[in-house]
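Next up: the structures, one after another.
First chain A sits with chain B, and in the next complex the same chain sits with chain C.
For the complex of A and B:
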């Protein structure tokens, strides 16, 4: 067992095991920090969505809480003007490459993007930036779900689950830059890939990129 | 380990090397620069011409290849050594000049001074490096032997004290080596300037076996070629640095990560590794010391981001070259999870001289916080392009106007872009800041890996910022939100501005985005990508405003904001070159004989402006395009 330590988050004293990542300590104590790509069991940290910034006393700039091990006496603030600004920009950037149609979306009400917007008072629309073109083609080859890349935020949770829990490995990241996508090997439709339609990826998806086919 | 036997080992290889090199001094030798820059300028043809001419002359003379001396603007270059004469360097060689030098200099005793650039030793007839401003400002530590030794022959390096530092190292304790490196305050030359000794110490103390040493020769910055040149011109100094590092941290294997686009560098390093093995300087029990270490080349064919250390390691492990969260740093958990020192080519090159001459000697050059020298590839609108090595603390002005001998065609200086695509554009007012890691950072630029691009009055700073951002945006791996989407949003805004479709509010969005991408990205590609935009916004805001408010490109470079116009009062009527030069038949002859441009057809290729003879200079660019109406109005 690792050593227990005490830290302060938003003025609250919290006990946690030393070295655990701050994001999980906060979430498990009911303190919300926006996040999309973090997976507690994954040792190879993704740290790619850039939404979980916090301020830590003694550090010059905001840091991502998913990568920060907690230590004795650490003093954390989950909100500050600098944190809010980074989160707002990252969030708006994600939305600028997203098919925004909340009212008709199957995840309306259970979407994690909506949750972030609600928790942080952010708008679900793109104001400062130009909406970028997204891929419109939807992979509806599986019987039980569809894969709609126009709603994918590239968090990679589906990939991790597919590889490490389902132990199938049907999907992975491919291509670079703005073209980065989740895809099957050789870009074939999911039905032609090793996918077993176990559905774990659908559970893992924070939005509606992977969504059950409505019965 | 037996210190005396290491000394004997070295004495023996040294005396053999000396004998070989001394033998060359008995006869004339033509040393021809055949690094990539020389080859591109035709060095191989020149080499053949020399060989042919020497064969025909019946002389006992040799032709040998060397790397690059750094005077790239004057390639192909040769150095001729002939007993009884100082070694003399000639530039702008071609086959004719090669024949002439053989006939006049080698066969007779006329050194053809009219073609000589510089003599390498003090003499009574011809100036040496120290007689030129460049020689006064330059101080060579890592380029010292580049261009003067045959990179394909290990003995040439050994004869110049090569591997003496390794012999010394093997008789020191690893901790002593690390202490010396820490004392020297050497900072990594791969861009970030991290203290090398500290990195080595971290790796030496980290748990895990085997440990690795990796040389980062990915060099992906457009316009940068320092690392390539060093690997092509003096690979052994890098290899010696790696072996010393391996001994200090306890590593048993090393890799040189070199991009596959550098075939000549790969060839030279391959030869060098082979020869070092044959001499007992790599492999088992190096110099009989009992210390084992061997090296391999890893050819990178990845993107720019593969130069980032965690992406580089991923790509070596066969995964996608995508950056990872740090810590853990590679020194603790690197290649295949083992402690790994990753250093830049140049960083490793400093190691042998530091060990041989000591930390205090090293610190006597440069500034207290950035000791040693800075190596730049000086390119762009500057007379003497090439590889430059100056003490840290030298001003940008000295580098551009003294070493580089200023701007061609008496044009005005506009900016210098330093640090590659993630560096900054600095204006005239920043020319007197000293070049060192911290001063550049303060000015908004970075040392980067050493690209130095000079720009003149014809370069539009908005277009330049856009150009660099286009590069980084294209090279973003796409993993993290800010860099993937943010750089694209910035690029779109810059494109709008260069097209005259910008709004003042865009400048605020640009700045906010730039700051957020800097603060929020995962790796240093994203964290530094906004630098060209932030610096141009800081130093050249008026140019942005001119594009937005007046739809004017002050440098007359942005195609959407200029038109070409032939001034009737200057046009000669009789000359037809502009008409002939136009690929789209936009330039035509009017009834009165004057030339004019059909704007509908003009594609702004600049041909007419270039070809109009200087005595007329009738073709001009107008910005904003609306000026054309005024001009044409005056005409009628």
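For the complex of A and C:
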């Protein structure tokens, strides 16, 4: 793992240790690649947000950079018409299941979705798809934060943190397809679950699905 | 949905044996869930909690797969099982209208069982007779072209057949309970007319 290699990202020569995932190499060298579901310490990546696509010379189709180990002489382009198109569609699909109310949102300005839109020149609007219903109840049972499913993009960061860092395991994915949600065991409110309200999930949330209660 | 005392008893009696058959490894989760459903007919929450304890995983990790796969059901099967087809043809022909009619008539949601365990309502994907869409399978009998009126008819036939049974075996408290239920059901069509 410690063997150093050289690769090219967007024309820049970069040295990195072999086997590290391309996404982190790029981010650490100041080259932004959109991402939501990736967690550096997680070895079993879901690669489910479909936002971190890049073009690699010699590969037929764009690949997700979070799952791609870097190797000697790799030539990477973070933008191409194909990449942009994939990212645009994936982003719009995410937004179709996300309540857009940026101006009144607590995360306005520090939101990961806004950052991606800004970096890639994407619109925070759903044009091509029919937005899904988000008639979900807000779980305000914890004292320090609230959980608003209508803003959840199912990246799974909170679940990973809850399990691997907080070592609690109060939340997880349940159901499937359009009904997939982050929930507790038996869909009980968080206050009735094993949740310790450590707040790590709130830090991990890229949007405002999990947000601190404003004092 | 609340579990009845006798159901809780069955769960605590049956479960330990099943869990003991398997090694305490997370990869045994699905086989255990299948076996439990085989024995009990459904996966109650207390059973899932016990399985989680045995496998040393968070309970929500059992809940996830149990709600993900269609083969698992979370509520006990009712005496009468209603399965509404939501395959493409039935969906287009108004399967959701049939589903909603049943939900209203039975006062339960899709996937649930009535508190007296008489009816359970399920959604299935294609039963193989799309020309009869929308199709509902009622206790293994296939009903085609199910309109809300037909739903009322199906419910009436249930009530009639149960009425016969009731006359055969006159039971005190249970009879009262059923009569009460029938009263409720009778009052519902009136509500529907107003909608």
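Following the convention adopted for this analysis, the second predicted complex is superposed on the first by the 213 of 215 C-alpha atoms of A that agree within 3 Å, B and C clash if a C-alpha of one lies under 4 Å from a C-alpha of the other, contacts with A are read in each partner's own complex, and residues count from 1 in each chain.
To be clear about the criterion, contacts are C-beta pairs under 8 Å (C-beta built on N, C-alpha and C of every residue); 3 or more make two chains touch, one makes a residue touch a chain.
In this text, all values refer to a predicted model and were calculated from it rather than measured experimentally.
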Partner chain in contact with A:143 - chain B first, chain C second, else both or neither: neither
Broader residue contact with chain A after superposition on the shared chain, chain B or chain C: B
Contacts of A:163 with chain B and chain C, given as first, second, both or neither: second
Touched partner set for A:93, first chain B, second chain C, both or neither: first
Partner chain in contact with A:183 - chain B first, chain C second, else both or neither: second
Which superposed partner A:130 touches (first chain B, second chain C, both, neither): first
First, second, both or neither for A:175, with chain B first and chain C second: both
Contact residues common to both interfaces of chain A (with chain B and with chain C): 173, 175-176
Contact set on chain B toward chain A in their complex: 303, 320, 322, 324-325, 473-482, 484-486, 488-489, 492, 509, 512-513, 516, 519-522
Chain A to chain C touching residues, read off their complex: 163, 168-176, 183-186, 193-194
Residues on chain C engaged by chain A in the complex (per definition of touch): 45, 48-49, 57-64, 67-68
Chain A to chain B touching residues, read off their complex: 44-51, 53, 61-62, 67, 82, 85-86, 89-90, 93-94, 96-97, 128-130, 132, 154, 173, 175-180
